[in-house]
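There are two complexes below, and they share chain A, which is joined by chain B in the first and by chain C in the second.
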Partner chain A sequence: MLALVAAGLAYLAGNVARNLEASGMAGGFGFLREEAGFAMSFSLIEVSESSTYGRVFLAGLSNTIFIAALALVSATALGFVVGFARTSTVAPVRGAAALFVELLRNLPLLLVLIFIQAVVLRSLPVVREAVSFADTVYLSNRGIYFPWPRDDHALAAGVAVVLGTGFVVGAWLLRPRTPILSSKDVGAALAAAAIGSALLVSTVAFVDWERPALRGFDFTGGAKLMPELAALLLALTLYNASFIAELVRAGLQSVDRGQVEAAMALGLRPSFIRRRIVLPQAMRLIVPPLTNQYVHLIKASSLATVVGFPDLVAVFLGTALNQTGRAVEIVAMTAGVYLTLCLAVASVSAAWNARSKLKER
Partner chain B sequence: MKTHVPDVGRGHRLVRGLGSRRSASSLLAWAVALVAAGITLPDIVGWALVDATWVAEDRAGCDPAGACWAFVVNRLPQFAFGFYPPEERWRAAVALAWPLVSLAIALGPGFRRRAAVVAAALAFYPPVAGLLLLGGLLGLPRVPTSQWGGMTMTVFVGTVAFVAAFPIGLGLALARRSSLPALRLLGTGFIEIWRGLPLIAVLFIAVVMVPLALPPGTELPRLVLALVGITLYTSSYLAEVFRGGLQSLGAGQGEAASALGFTYWSAQRYVVVPQALMAVVPGILNTVVALFKDTTYVLVVGLFDFLSIVSAAVADPRWLGLATEGYVFVGLVYWAFCFLLSRVSARIERDIGRGRERGRSA
Partner chain C sequence: MKTNVLFRLIAGTAALLPVAAQAGPTLDAVKARGVLNCGVSTGTSIGKSTLDDSGNWTGFEADFCRAVAAAILGDATAVEFVPLEFKNAFASLQSGSVDMLARSATWTLSRDAELGFEWAGVYLYDGQGFLVSKASGVTSAEQLDGASICVTSGTTTELNLADYFRTKGMSYTPITVGSPDQSIANLEAGRCDAYTNEVGGLASYRLGLSDPAAYTILPDVISKEPLGPVVRQDDPQFEDVVEWTLYALVIAEEFGLTKDGVAQAAATTQRPEMRRFLGAEGEFGAKLGLPNDWAVKVIQATGNYGELFERTLGSQSDAGIARGVNRLWSEGGLLYAPPVR
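Up next is the complex of A and B:
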């Protein structure tokens, strides 16, 4: 039987080799150094018509990671909120959460995406009548415009924001973990919070922000969130949040009733019980399927192709493959990227699992 | 219908015990919910039903205050059968109804040898429905695959991919659990590669690579290429579902069978696989739901499935600006099917769980 499988594979591989030879294409990855000749509508690294295919690959890869990372964070946040709402004591909250979950997870993701792009975003006003929030952020059917630091301030602002956020997150991690306060914890947490917020406030106050302004038919200055990116982000967030919410609900409901009763007997507050007694135990059940959902999300980010956002699949497996015809090399590289990303998520989850395993003595 | 107890389980009851139920925040939530419903519901009902137009020749004949369902009504045959020639539509209707009827029989009331009937109906579907749609024999005019489309395309692609993926997935699952290391490696590698790739990438790859892997000069329609891609993708997902079933069974069943003198294949055929399949019926149904939703991706290789034919119709100048109506209709159809099937799957899962508990206590 193995021989049969091997013979079949050898036959197919032989055909591939013969077909490639017939089309006169030399193999190898040399094409990565050739000029690609097309520009990208969005990219985190510099790309122009004279960039090489290698650079296009990197730009597509960084776009894929960018959109997937954004969607991953927002879907997780929304999913946990909805998951908690699903177990709320308040009936309307529970009902709204159930409506959200049942509506979204029974629709194809592609339909959600196309609906957001063709109906929701298109119903936004045209640029000239853009909705403005305090003349700073503008919402229109061509994208969301917001202020951005002027060139020489961008780097400093970025560093300040990262540091400030780091301090605030640190303060949150250092916050008192027990209902009984110890002065040392409180001091450290307060200090970190103060430094972090000072950094963030001074970034807003002292950096030279360039505001978008309407000139002619479009806004100039500031930065813009493309509608394609916004639609994709929104669709990935909503759709995956509905699945994550179900995982969270199942996890929360799996925690033994006795745990909560014991905590109540100790006189702990309900919100404290939910966050520090129920959730940590539920996480053991939530994380493994959550990992699968993350893998699904990363793969689904390739729907970018449909809305015209230049992710890895769109620019590399799509455009670059069409132009060069290097099927085997490009397919192998793309597959390698997705397998690596999925493995990375899986190994983070495995490490977390090992750390949070019940320690039995 | 029996009274429905919200399925919120132990976690809910215990959390409910935490706060008093008539707290201020609870009252506030009720107030917000009632006001929100009071504002949005009349608008939605007014748009979708009261002010809606059901019969009209074009956009101009529709009341602009409400939904223009006349667009959907007018285009319904196209949404169902694509560009299939009108006088031959009965063929598309048979291809469309066949899997749905099979599914209804599979999930409806039981009768003797039901599983065999359903299995036969599904196994014969790909060749028979394919030839019926294609025609060119028995006096049926030939209809090229480029004219297939709409719901027929969605159901055909989904069913053929499922039927083809089922045996492949079973083989992969057995290979992954084989005692031969080479076979195990092959099975695992195949499953992980196709599962790790996005379906869109798989479709692109199928369209480019399958022609390369065939003898030079062979030309296949895009539908077949897309089917190959979706089948490979689905088979690796089904393989993991089947593997779950095989693992849940434990080694004892296979060992007992071989102790009784069964060969490997007959032990799998009569003892292991039937039990493993029964254990994972919910997982199989969930895969069917996912597959049905994923068939929408075929629009990236230029096939006109249900979603993409509506997308195309929305751009018709006679019915311009009716994207909302079109996509709401598509959403209703997909939603009804997926919701129904996921409910059935959850019910079967509960029944299996109950059966297990009974078996344990007996």
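Up next is the complex of A and C:
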């Protein structure tokens, strides 16, 4: 069987090579070392006009992972909030959540994206008339500008913020949960909270923040969230959250009401019942379809090319393909990336599923 | 389960292959089909290829497609216009879904050498410039340091832009989108400070703005953009036909043959070179695999180069572009055609 598949693949590969040769097209991956000669409006890694196509690939890849990861986290968070709201006992909350879900779930993602870009972001003021918030944060149709640590302070600031957040989260996890307190527990939690807040406060106070200022055509200094990224992030978040909310609702409602009533009879608080009794059981039903939604989200992030966010599809499958004409190589590499990302998400979910399934003996 | 997925993948890929593998003489295919499949812009390129009120394709490049169809099939209407975004245009030509492109494709060394294409001449000598709003106060490209520049993805303009700013030691932010209308919308919204494209294109895209008078094209031209019809290199005969269609337009202007006057000239002329060109003498059409009166059909379809240019891009059009170097060599331009002999 495997041999048959391998033979089939070899035949196809040979066919492609012959066809390319017959049509006079050059082949191979050598172009990855050639200079690309175009710039990108946004990149997490250093990339310039003199970078190679290989580097452009990496820059596009990191942008794709960046946008997909951000959207994944925010869509999940919003989806769970809306999902819980759908099962709320308060009617207006339920109604608002239902409206959100039914509106976004039944519109094409592309339409949501174009609406956000063309109507919401375009209606922001032009850069010279940017809205200012205390002369620190500026909002215009070229993006949101906010202060950022100066280059030589950025690393220290980053480390301080990560450590500080770590300590604060640690303090939250160490918080005393039983009515019986030992002074040791309280002490550890308080100490962690103190160190964490000290780190965060000193970051704000001692780091040299660069404020954005309007010079010439645009704001310089500080950091900027470009509107293309914001539009894509917003669209992916809202659209996917509407589906995730339904998965969450289905999961929550699948847990037998008797369990909730029993817990209430024991005098447990509603938030405790939701977190520790309903949600763990609901998760078993939520996660498998949630994986599907994640896979969809990762692939849909390629709509970046519509709004002009330089993700992998836009810079590599778009610009690089047109400049080099290496269709077979570039399409194969791009497909490989999405395949790998989606399979990675699916395998994480499968592992979680295996761990959390009911242990029946 | 896994093998099942693999099998489907293979089946899917295999189905795609014969299309990519399609080869063989394009000229014969066009004749057999009775229609020329011509790749043009998505209708946004005013003056080059755009749709008029009644849904007809008009413009310089659309008419060039008609001229080729007239040469091969004797019928200027036997064209299937295939609107393509630039980033898909080359792949569509490679895969055989169009016979040729008349889609403002710049002739460059690497495209010529690596894509498996031939440029069958140059029908417009253009250069890259910048369109800015008059309100910005920018009068020269050298003032664009730090600007956001709108540009169409996958074009040579994207590369020239990077070269220009690198040479000048200036910084810029490219706002790269797939189609010129998106760039124009971005420029109008103030998302970018300038839109860069070929000057000829800018002149026509400017007309698509809600207030064209508020925008101006900077005098700086930062590149050479020779635009021409593109064909696959697997059929040299078809390339010759496209090439000589272009030459026919130039020769017609040289001879003073017009759309309305060519039929009479073909019947009455005594000049041997004109008789050869118009098929009254010799078998020059047959050498190209065409009917002998191919040149007459071409000129009847679109007029000579001058008529075609002035009607679509020049003084008689909205774009109002000056002919510049797109004039006969004898008038100080770059248009030159080999003799019909």
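Please note the rule applied: the second predicted complex is superposed on the first by the 314 of 361 C-alpha atoms of A that agree within 3 Å, B and C clash if a C-alpha of one lies under 4 Å from a C-alpha of the other, contacts with A are read in each partner's own complex, and residues count from 1 in each chain.
What we mean here is this: a contact is a pair of C-beta atoms (placed from the backbone, for glycine too) under 8 Å apart; a residue touches a chain by one contact, two chains touch by 3 or more.
Everything numeric in this text was worked out from a predicted model, so none of it was measured.
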First, second, both or neither for A:Ala327, with chain B first and chain C second: both
Partner, of chain C and chain B, that touches more residues belonging to chain A: B
First, second, both or neither for A:Val5, with chain B first and chain C second: both
Partner chain in contact with A:Glu35 - chain B first, chain C second, else both or neither: neither
Contacts of A:Arg122 with chain B and chain C, given as first, second, both or neither: both
Partner chain in contact with A:Asp208 - chain B first, chain C second, else both or neither: neither
First, second, both or neither for A:Val313, with chain B first and chain C second: first
First (chain B), second (chain C), both or neither touched by A:Asn19: both
Residues of chain A at both interfaces, chain B in one complex, chain C in the other: 1, 5, 12, 15-16, 19, 22, 118, 122, 305-306, 318, 321, 327
Partner chain C, residues of chain A touching it in the complex: 1, 5, 8-9, 12, 15-16, 19, 22-26, 37-41, 49-50, 118, 122, 126-127, 141-142, 215-218, 220, 227-228, 305-308, 310, 314-315, 318-319, 321-325, 327
Interfacial residue positions of chain C with respect to chain A in the complex: 3, 6-7, 10, 13-14, 17, 20-21, 23, 86-87, 90-91, 94, 110-111, 113-116, 144-148, 153-155, 158-159, 161-163, 165-166, 172-178, 182, 185-186, 189-191, 193, 232-234
Chain A to chain B touching residues, read off their complex: 1-2, 5, 12-13, 15-16, 18-20, 22, 86-96, 102-103, 105-111, 114-115, 118-119, 122, 249, 252-255, 257, 260-261, 264, 270, 273-274, 278, 295, 299-303, 305-306, 313, 317-318, 321, 327-328, 331, 334-335, 338-339, 342
Interface residues, chain B side, partner chain A - complex: 6, 8-19, 21, 25-26, 29-30, 32-33, 180, 182-183, 186, 192-193, 196-201, 204-205, 208-209, 211-216, 289, 293-294, 296-297, 299-300, 307, 311, 314, 323-324, 327, 330-331, 334-335, 338-339, 342
